[in-house]
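Presented sequentially are two complexes of chain A, the first with chain B as partner and the second with chain C.
And then the complex of A and B:
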């Protein structure tokens, strides 16, 4: 034990003596780990945020398709589904996008029948102030702070949007979405079904989606299949499918980023190997002296291992900690555009990173372990310097 | 005999085109507490002989016993262990690690023995005091003079209290006065009961009053093994 502690102590002193070289390696390694962990944490936080938000989504969404594109669906289609046992409720929704030319921004417009919060499965994102439009109320909307800023409303409450025939539809903001849910409400304008129909010039008795709520969550897939059979030519999407799509999108982006960062990591490991494999005359002399003074080959390998482990472990912990701070305090500012896209109305929500031992182990295995392996060969080469080389 | 070599041969790169026979059936005996001088020109096999006596490698053939331990055909692991226990080295170019302090250099052999820092320092203090360089304890070795470096090297050779001291040209970089001083130190070690083997061309070494014998090596063969007197 005393021998191990002595060698460990010697390794730490040795790191301190070659400060510049080791600090450089540490800084590059920390940067790679930081980028890698940030990517992992942002990806995971976003997937979890999407999962959480989708708990408020309808169980099944029905859309009418024509020539492979979505078209309006008649409200009366609800009647055809009345016979399917297990359906708790069907609601109408208009979901569209409005391009604001003056700001170059795209807004999401949702029109629904109020009230919105009549059941647990039909919860809408909370409001930080104001109220939702009441049934039959016209020209009243709820927006996010982001939209207010884009529309440059300031203290005003009234604004107007253009209908397809370029006539103006006037609106008054009566509520503001809670900032915690910016990930979905950043570009959202919520209004009544009648206002949305008017804005997009959708004929009466037509909507873009029918939202189906199912009494028993285990029955969702079965009911979705039955709806598909009843409504040929329609698209039936379950909540799970939406979640899968989110996961695929985030995982794909995460995977792409990971590949780029792994390439950087591989380059670093090669660099580390290259640097460590070239034994300087000074290093050869040191090893020769240590060996002639009674250090075993194993002692030298252990010494080098301690040096590499200290640098890589410190870099790993620092990189992970910095990545964590990057997410918590700076909302993953470096990688948000990669994951969220470059839309004009970008959500400004806060990310909450979650600790995952699998992710931590993955990063450890892809960073510290290759580094240790890369430095093992040079360590062995150093250790096999002959003791008589210094005579 | 404390150092006993019987018909020792050392061949480097045996069986290969660059094969070199460094020692040819050499026999040598040095008693405990004796100081002998090994002489010979460059390439004569002097260093190989010292390396075998210093347990750095074992001979290709023949029998070698150092400090009562048979080292013929021993694996490297055991040789290192015997070297740690039996041998203290003093080198021509001091072989100190430049970026370490005198204290750190002197205690290097004790690290691999698992000796605690406090005991290491106590032992080093004793030796530094003995050789009159305690005021240089915390200095980097490149701040020391040649004489101080050689004293530090002798202190390091003694830190694990070995029964055998192997010194390779210990006076090569020193002037006459310092050379005599170093030889006196080595002779004092002999008086303590240690066996001292010194390789040197320096007449100050071979003619030193403490020297018990001279071993002349040439072309891998011992030409002369005569007692001084």
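And then the complex of A and C:
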């Protein structure tokens, strides 16, 4: 143990002698690990959020397709599904996008039959103020605070949107989604089915999709298959498929971001190899002196291993800790613009991924291990230098 | 002081900071879980199927229920041009 500590002390002194070079390697290595790990954590936080939130998504969503694109579906389709045993409820819904030319924002408009909620008094838990449109009410909407700001409503409640024929449809804001729910409601304008149909000029008795709720969750796939057979040309999406989509959407293996970061990591490893293999006259002299003093080849290899391990381990721990701080205290501020893209309406939400040992090992194996491997051969070459050839 | 003692101090500071961070993360996750409870209710009642993360295109706003063929959908050979889709894999 004493021998190991002595060699470690010598390695640390050796690192201090080449302070500028080692600090540069440490800083670059820390930065690469920080970026790679931050990306992993942001990605995992969003995947976990999707997995946890969409567990209450509709059991089955039915859309009508034509020429590979979605078109409106007739409300009467519900009647055709009446014979399928196990369906608890079918809801009609219109959803679409409204492009606001004044600011370039896309709003998501959702129209449903009131009452929207099954709870007493039609009270939705996610409203910070106001209420939901009542059955039969026209021109009343619920929006998010984000949309209210984009529409520059201020204290006003009334605003208008353009129909396809450029006539204006007037709306009154009667409710506001809670700001804490922006991860799903940031761009939502909720209105009644009749208002949505009027805004998008969708013919009567047509909707964009049907939401099917099934009594027994084990029968979802079977019922979905029966619906597909009954409605040719329709697209039937189950909740499992929605969840699966989000599992792969942020999959780290497939993202260009990961490829870029791995490329940076590979470039760094090549740099480490290059630096470590280019033995300077001073380093060769040092090895020669150590050998004359009685150091064995194994001791010198161990010394170089201690140096590499110290630099890479410190960089890994610092980078990993900084990445977590970036996520926990700053909500992934560096990667947020990339995930949100060129969106005008940007949701405000917090990121809190779970800690996983697999992720820690993954980052460790992709950073520290390649660095140690890249410096192993140069360390062996340095250790086998003959003392009499360099002194 | 031996140089290796400096290393020991680094590890002690690291574990101290990691402890503080773990505490903050636990608090944040508790708050998040409370919000998620409400969010699941909203998702249930409004029949939502997607997160409102990227609102720039229909296939980034609603990846689960928008057109399944999205890459090159604007014209043949077009590279997907929205930054957020760099992170997204094709769904199989």
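Please note the rule applied: the second predicted complex is superposed on the first by the 374 of 391 C-alpha atoms of A that agree within 3 Å, B and C clash if a C-alpha of one lies under 4 Å from a C-alpha of the other, contacts with A are read in each partner's own complex, and residues count from 1 in each chain.
Keep in mind that, in the parts below, contacts are C-beta pairs under 8 Å (C-beta built on N, C-alpha and C of every residue); 3 or more make two chains touch, one makes a residue touch a chain.
Keep in mind that what you see is a predicted model, and the values were worked out from it rather than measured.
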(message) Residues of chain A touched by chain B versus by chain C: which partner has the larger set?
(response) C
(message) Between chain B and chain C, whom does A:141 touch in the aligned arrangement: first, second, both, or neither?
(response) neither
(request) Could you look at A:93 and tell me whether it touches chain B, chain C, both or neither (first, second, both, neither)? (result) second
(request) Return first, second, both or neither, reflecting whether A:35 touches chain B, chain C, both chains, or no partner chain. (result) neither
(message) One more residue to check, A:366. First (chain B), second (chain C), both or neither?
(response) neither
(message) Once chain A of both complexes is superposed, is A:329 in touch with chain B (first), chain C (second), both, or neither?
(response) second
(request) Please indicate which partner A:54 is in contact with in the superposed arrangement: first for chain B, second for chain C, both, or neither. (result) second
(request) Kindly classify A:231 by the partners it touches after superposition: chain B alone (first), chain C alone (second), both, or neither? (result) neither
(message) With both complexes overlaid on chain A, does A:184 touch chain B (first), chain C (second), both or neither?
(response) second
(message) Residues of chain A that sit at the chain B interface in one complex and at the chain C interface in the other, please.
(response) 5, 9, 13
(message) Quick check: in the complex, which residue numbers of chain A touch chain C?
(response) 5, 8-9, 12-13, 16, 43, 46, 49-50, 52-58, 61, 63, 68-70, 91, 93, 97, 105-108, 110, 112, 116-119, 124-126, 177-178, 180-188, 190, 209, 211, 235, 237, 241-242, 244-246, 248-251, 253-257, 310, 314, 317-318, 321, 324-325, 328-329, 337-345, 347, 350, 352, 354-355
(message) Help me check something: in the complex, which residues belonging to chain C touch chain A?
(response) 2-4, 6-7, 10, 14, 17-18, 21-22, 24-25, 28-29, 31-32, 35-36, 38-56, 58, 60-69, 82-92
(request) Report the residues of chain A in contact with chain B in the complex, numbered from low to high. (result) 1-7, 9-10, 13, 17, 282, 285-286, 288-297, 299, 387-388, 390-391
(request) Write out the stretch or stretches of chain B touching chain A in their complex. (result) 47, 50-51, 54, 56-57, 76-77, 80-81, 83-84, 89, 91, 95-99, 104, 108-117, 156, 160, 168
